[in-house]
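Have a look at the structure below before the remarks.
Per-chain numbering from 1; labels A, B, C, D, E, F, G and H assigned in written order.
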Amino acid sequence: MSPKEILEKYKNGEMTLTEALEHIPDRGIEEMGFATIDTDRHKRTGLPEVIYSSGKTVEQVSQIAERMHLKGIDVLATRATPEMFEAVKERIPGAQYNALAKTIIYKQNTQPSTEGYIVVVAAGTSDMPVAEEAVETAQFLGNRVEKVYDVGVAGIHRLFHRLELIRNARVIIVVAGMEGALASVVGGLVDKPVIGVPTSIGYGANFQGLSALLSMLNSCASGVSVVNIDNGFGAACQASLINKL
Amino acid sequence: MSPKEILEKYKNGEMTLTEALEHIPDRGIEEMGFATIDTDRHKRTGLPEVIYSSGKTVEQVSQIAERMHLKGIDVLATRATPEMFEAVKERIPGAQYNALAKTIIYKQNTQPSTEGYIVVVAAGTSDMPVAEEAVETAQFLGNRVEKVYDVGVAGIHRLFHRLELIRNARVIIVVAGMEGALASVVGGLVDKPVIGVPTSIGYGANFQGLSALLSMLNSCASGVSVVNIDNGFGAACQASLINKL
Amino acid sequence: MSPKEILEKYKNGEMTLTEALEHIPDRGIEEMGFATIDTDRHKRTGLPEVIYSSGKTVEQVSQIAERMHLKGIDVLATRATPEMFEAVKERIPGAQYNALAKTIIYKQNTQPSTEGYIVVVAAGTSDMPVAEEAVETAQFLGNRVEKVYDVGVAGIHRLFHRLELIRNARVIIVVAGMEGALASVVGGLVDKPVIGVPTSIGYGANFQGLSALLSMLNSCASGVSVVNIDNGFGAACQASLINKL
Amino acid sequence: MSPKEILEKYKNGEMTLTEALEHIPDRGIEEMGFATIDTDRHKRTGLPEVIYSSGKTVEQVSQIAERMHLKGIDVLATRATPEMFEAVKERIPGAQYNALAKTIIYKQNTQPSTEGYIVVVAAGTSDMPVAEEAVETAQFLGNRVEKVYDVGVAGIHRLFHRLELIRNARVIIVVAGMEGALASVVGGLVDKPVIGVPTSIGYGANFQGLSALLSMLNSCASGVSVVNIDNGFGAACQASLINKL
Amino acid sequence: MSPKEILEKYKNGEMTLTEALEHIPDRGIEEMGFATIDTDRHKRTGLPEVIYSSGKTVEQVSQIAERMHLKGIDVLATRATPEMFEAVKERIPGAQYNALAKTIIYKQNTQPSTEGYIVVVAAGTSDMPVAEEAVETAQFLGNRVEKVYDVGVAGIHRLFHRLELIRNARVIIVVAGMEGALASVVGGLVDKPVIGVPTSIGYGANFQGLSALLSMLNSCASGVSVVNIDNGFGAACQASLINKL
Amino acid sequence: MSPKEILEKYKNGEMTLTEALEHIPDRGIEEMGFATIDTDRHKRTGLPEVIYSSGKTVEQVSQIAERMHLKGIDVLATRATPEMFEAVKERIPGAQYNALAKTIIYKQNTQPSTEGYIVVVAAGTSDMPVAEEAVETAQFLGNRVEKVYDVGVAGIHRLFHRLELIRNARVIIVVAGMEGALASVVGGLVDKPVIGVPTSIGYGANFQGLSALLSMLNSCASGVSVVNIDNGFGAACQASLINKL
Amino acid sequence: MSPKEILEKYKNGEMTLTEALEHIPDRGIEEMGFATIDTDRHKRTGLPEVIYSSGKTVEQVSQIAERMHLKGIDVLATRATPEMFEAVKERIPGAQYNALAKTIIYKQNTQPSTEGYIVVVAAGTSDMPVAEEAVETAQFLGNRVEKVYDVGVAGIHRLFHRLELIRNARVIIVVAGMEGALASVVGGLVDKPVIGVPTSIGYGANFQGLSALLSMLNSCASGVSVVNIDNGFGAACQASLINKL
Amino acid sequence: MSPKEILEKYKNGEMTLTEALEHIPDRGIEEMGFATIDTDRHKRTGLPEVIYSSGKTVEQVSQIAERMHLKGIDVLATRATPEMFEAVKERIPGAQYNALAKTIIYKQNTQPSTEGYIVVVAAGTSDMPVAEEAVETAQFLGNRVEKVYDVGVAGIHRLFHRLELIRNARVIIVVAGMEGALASVVGGLVDKPVIGVPTSIGYGANFQGLSALLSMLNSCASGVSVVNIDNGFGAACQASLINKL
């Protein structure tokens, strides 16, 4: 059946939309057996297909990276181990690794960076891996990024000291573990959207980030939304969509 | 001590910042005994002081509303009961009540509405109270708003039917209970920031919205962030900040 | 744009599938403002649109029921209060109410019942409301149903007494609260699929059905799957799909 | 056996300590059938016996109050309903009720108030019932008390405005719901012990105060300890012990 | 006592059923000291005895496998490590290992495969180990199986592309981690029973699969039931019972 | 088929035990449509059938009570409301109600009480309803019972005062809410089995008895086992089985 | 002050009991710096001091074992690693190790075994480590013990086969993971106290034994109490106290 | 802008406090790129900046330690591994390591110890690492400290034996795992503030310290507050603030 025939049948009521959908061949897909690359994603969602390396083998990660590279898609792999990077580098010599952020990046499509910037605010030194994942991702997506690290509320004057830089951003990502109070405090001081990233930093009744997550969800400041625990990547994705509006 | 003296001491190192802060009188505050109205909030955060009525008495809500009204501040009270509305209406005759959203609104400052719009997408009829809270809040904050209701994933073609309206918004609020899958599905189809609002709709292992909350936090779509369960107000606040960028 | 033009553009790569979807008008939808009836559902999923009354107003339930009735769709409303029934009966005089199951049913399309039957096994008298919801739903969907009630494992010989009836069913729904052990015991005695429905019956560390839910999910018998706590409706839907294979 | 004989046997090894304990009559006890008043408690723990009214009947509360009154013990009943107060007032005419704090107090033993004071800091108007329970209890125990209400971190300048009063206290009780960030912020600004009281104020993923509880337990400020959710009474007890050191 | 005597006593009321049960020797049991093989299980439940290797020693697994093999029972061991496979292969040379699924299989009884098929749909590459466990088990039980992998809802057109294959199955197993939305989406598009398998894939507020589990339990699509997290084996068992109806 | 034929077939291997079970009629059952009374339970388990009234209607409770009464079975209904008692009393005039314990009892079979006794130790006045349920049940089952109430660890000398009575019991039931420490303390002082009953008394992070439950399960004293939250009935059942050894 | 003086003061009211307690030297204690051996425990509680090895160093375990040995106390160490056993054996050559149960035992005081016996019933092979801990402990405490292993409810006839042995015990310990249904089933078939030991065996929504724990706590059989997850030791302690009544 | 200009603008209302804050340079900060040392903390909060080593690299810990040392700040690093200590010792030769407490300390500022003392009471040998962290921290902060170890409630006479030492302290830290009952028992015997530190010692339903945490939060003794699980450091900080009042 040709697409035309399908739509005629649909128009005449001989097919439901669901049946029509079944018969339409799709293009934005690259089949790899164990993976189905969504080559259409960037156009559709404003965000490219990215490799989430956790739970994948070294071989799978490097194969997907190579395939994307060959298709001309810029490569970003998150949660990547050094072994994965070694394997990717053999196939894509120019790939770069950020050991703290655990990201592999290879970018051939140069893209002018945004004028407005995203600021990534982190509460403590221990929150840096998550913050760096956010920074790497946001830059990969073509955003200008500024960093404000180790300004947790136990010494709140450290935050005030950098307040101007924070207030002038278009979007603010706040990365914090323990009680996650930093998101509320920042949210109460700025007039820009704040995206909270709770981290699993802490111990005891922290419950792998649950305390910071609940804290940020219950923020008394109104303009704060939240992404998953340790999800610097997701925060950067949404921040990028906002920054490019 | 005059502000000048304070700063001199601070400059000379005779005072720490903390000590200096203690001595500086503040203006953006309206003391009411049981409440301290933050009259400076709108200027500082882009969002006005709002009355969260839950846990307050009828008397407290109507007094705060009146005081704000007298100061020329537009009034929005969320989670307000009909009794609270009656009490407010006696003091502010023009106040309006949305029984589904449980909001009281009185707006004297006319503000041109935004050009771009926020779309509020709701999965089921039962999610409407939360969706309406988001709609009322977003409009109160001066945004143009569109509604797409009852388009849950159990009949996903209902969503496709309205996809154009959704894709053309600047920000998308997705309100869903049960398994909250709608946020991920929408997130995978659009290139705009999506703010998920899990609702407490459902039963059994829904655990008052926990299932939808976890579902949205774990969304496989990258551009989705989340606010607290049933927090239509908070979603609208962030959406407004984004819409006005 | 006509459907034909849309598909041509899609074929030529001028449109992605997503863009195409946006432009295709759909039919299997009945708009009601606050509700979007999925009239195509029965054809697509083998299960009709059903009214889940919880969280809806009396007015909303009776309006949706009437609209479905007028379209010739059989009506099943679950979690319906007596007030809702009164309102529906005014619009659909022949509607029936099961006070234990909290279901409203009006069926005009007579459908020959299945030959094979579904058996609903309940552990205790207190589990009957959930069991009855399953029974009413399964019958509404055109299945022959048998009941085996109050045969919990504290007196396991009561179960053996009815074992033949259970083993001869095509599908078995096991409804149990407290520790939910009945699902495992039945699962170990039969060669048919068992669908467990944990109920919120019990107290203390029952946590509103969590104990029975976890118990059934961890069943040491291999052929057991589970639906949500108290979800007799969902169990009957799946049992019906299986029974009609 | 006389106490002397008991101790001799214990000394000679004819009795273990446990056996000796069984034979020693005790005095610091007032038996009431359904209650055993611990008349020795004040001397032993620095805190008097107090009536926790929740889960007791109106009759039980008023009987225990009367008995304590007759023994010359000052009466404090927490979580008391207006009905309980009516019943107590009939037996102890001078008793006082704080409807917000839900406390009944009758104090005949005048005690000079402490010189140093306890400050009770509350984040929002909705936290006032818990804050008032702390205030009433602390005053009952003979402490000077100051109040700083509605200074949550969404408008942190409200807190700075009152910082001097807070820093000059000997102990600080911080009462906060939602994300409970106030405890960390205050803890980072003062050099006195801070006792956090999470409240059940909030909604959704607040989980009846769990978010604030976890937040305070994970405070990044070092000098913060925590009492149970909504437990203004307990915070005041510890604050009193500290204030009197 | 002979069986006859036992039943006579039972008939005459001299014995209860429980007492009678105690005296009846059983046959469907193979005693191994540390294990009691249920040789009757296949006849009774339609599913054979299977070795769940987790928590067993290498020695125990290989001994049970050998004993079953000697009794002419086909061998399936799940959650088996490579070491276990080495030990089993020494005793059963023809045994096969699927390293991804962690299954050991030795099948001597050839069984004609079913005509209808089970389809295993997996959301992401990381969900493959669980999906493969389901595939291996279903094939071992004599079912024809089809695979549809990496079709998560972040790129929902990948699913539509394979919809025909899915809709023509007799039973559908949906394997998904993160938010598990795929089960609801598939459930809303097909008229066959859907068995959801939540996986522990994800991070943060995924809580080892809890998010996907709750999501699937709360599915707004009616024909979905759920098995335990990562339990591909259990899903395949129930799917097999259904497929053979 | 006669029982004899069944057993012959079983003996000859023509039937499995499961098949044999299906064909054996049972006697220890009294069918009531909505309930299946287990008349054999007392003989089999040493504990009679008891009516757990929660989740049953007034009509169901009174009907089951009457039926048991007519069969000569002593009646115990737990969690019974005053309305249930009124209905039962109309059918069984001699029935007795304990409003605190919420038990209905009618006992016609006089049974000599045990020589050894069970002691029920309760931490606070608020724990009395649960303690009384245990007392009523234990007496109903023919045990001598002693009570030691309001001896919580906040004033541990109250416990020592009654230690002899506690140490001389054959079994000890400890009923405690809040932190449930009493079970550990008693367990460390006696050489008899201790059964802990956590109660839902308390507030905040008590989580409806979870704190006391976890506390007792983690008791550092070795001879302590636990029953469900508020389950005075279950504790008395096990204590009775132990007391009668 | 002599004990006599102390008691005189106590008698005369010059001292409270608490003050008296402070002044009484105690004997049933052996100080070791990092440990305080409770040498009086056996006499007081019927159970000897036992070494819980988890969280202790190899050196600490072997030192405490030696010290107890030198004082003539029989040694039982639970949760002991092979390294700990090597260290203990150097100091106490006759010590024995059960690698499955992880227990070290050295018993010099021969004690006649009880006549009645404890039966340990385990659901699966994977539950054996916990069951063996219970067996070793019960034997160490001087009880006759019988074992019934691998009789889970997925093949319930395996249980019936051994029912007589189970029913004739004085106390029954049921060890089960997954859904823990075995405790309820056994509890419904016997007239002796049943102590359930949930194990952490299972996966997914088992949550390290939580499912089995909740299941046993909610048992519909009345005579079942529960100890902590994997706590074979505690179950044996209570069983021993009961068996020796 | 000079501080003077800033304050003038603030005085005249040309700036809000927030804007003023942004422009004020701060001094109590030492920037290190990855860390922002809060050199002002000791003066502001009475507690110095401390290195929480968990989640930091060996390199980061030793660099921060060196920088603090060079600034003349005493060094305390908690949760430090032996590798971290080696690295620190190379830079600060006089540094000391407590392997049990996992603390690195270097103190050059001799400070007279307090007269009153803090007592650290620990329930079991396994709780010693947490207790030692508290002891090391309290001594580092200049407090006299006494230790009372291994006095859990399973042998409560061990506690009475040391009661005088405990009662004479100014503050009491109680460290306990399992059911954490020790905090309540001590709280009921003394008239000084008690700070509970729940530990993660235990197994099964201990849930990494949750049982002890909930137990202490629900303490029936009034003067008990709680810090995070295993947080000996935090308890010592608050105890020090109290001890120095």
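Here is the rule we use: a residue touches a chain if its C-beta (ideal position, glycine included) is under 8 Å from a C-beta of that chain, and two chains touch if they have at least 3 such contacts.
Computed from a predicted model, the values in this text were never measured in an experiment.
Residues touching across the subunit C-subunit E interface largely coincide between the two copies, over half of the numbers being common to both.
Of the two chain pairs examined here, F-G and G-H, it is F-G that is joined by more C-beta pairs in contact. Interface equivalence for A-H, evaluated over F-G, C-E or G-H, points to G-H, where over half of the contact pairs coincide by residue number.
Of all chains, the one whose Cα centroid sits at the greatest distance from that of subunit D is E.
The most distant chain from subunit H is C, comparing centres defined as mean Cα coordinates.
Distance between subunit C and subunit G, defined via averaged C-alpha coordinates, is recorded as 47 Å.
Our note on geometry: subunit A versus subunit B, Cα centroid distance of 25 Å, whole angstroms. Mean C-alpha positions place subunit D and subunit G at a centre distance of 38 Å.
Residue positions 17-18, 24, 26, 28, 40, 44, 124, 154-155, 157, 160, 187-189, 204-206, 210, 213, 217-218, 221-222, 228-229 of subunit D are each in touch with at least two other chains. Listed in rising order, the residues of subunit A touching subunit D in the complex are 123-124, 152-156, 178-181, 184-185, 187-189, 202, 204-207, 210-212, 214-222. Across the complex, subunit C meets subunit B through its residues 18, 21-26, 28-29, 33-36, 38, 40-41, 44, 52, 54-56, 60, 64, 79, 198, 200, 208-210, 213, 228-231.
Of all residues in subunit G, only 124-126, 128, 149-151, 154-155, 157-158, 160-161, 163-164, 167, 189, 201, 203-206 touch subunit E in the complex they form. The touching residues of subunit B, when paired with subunit A in their complex, are 17-18, 44-47, 50, 157, 160, 170, 187-195, 213, 217-218, 221-229, 233-235, 237-238, 241-242, 245.
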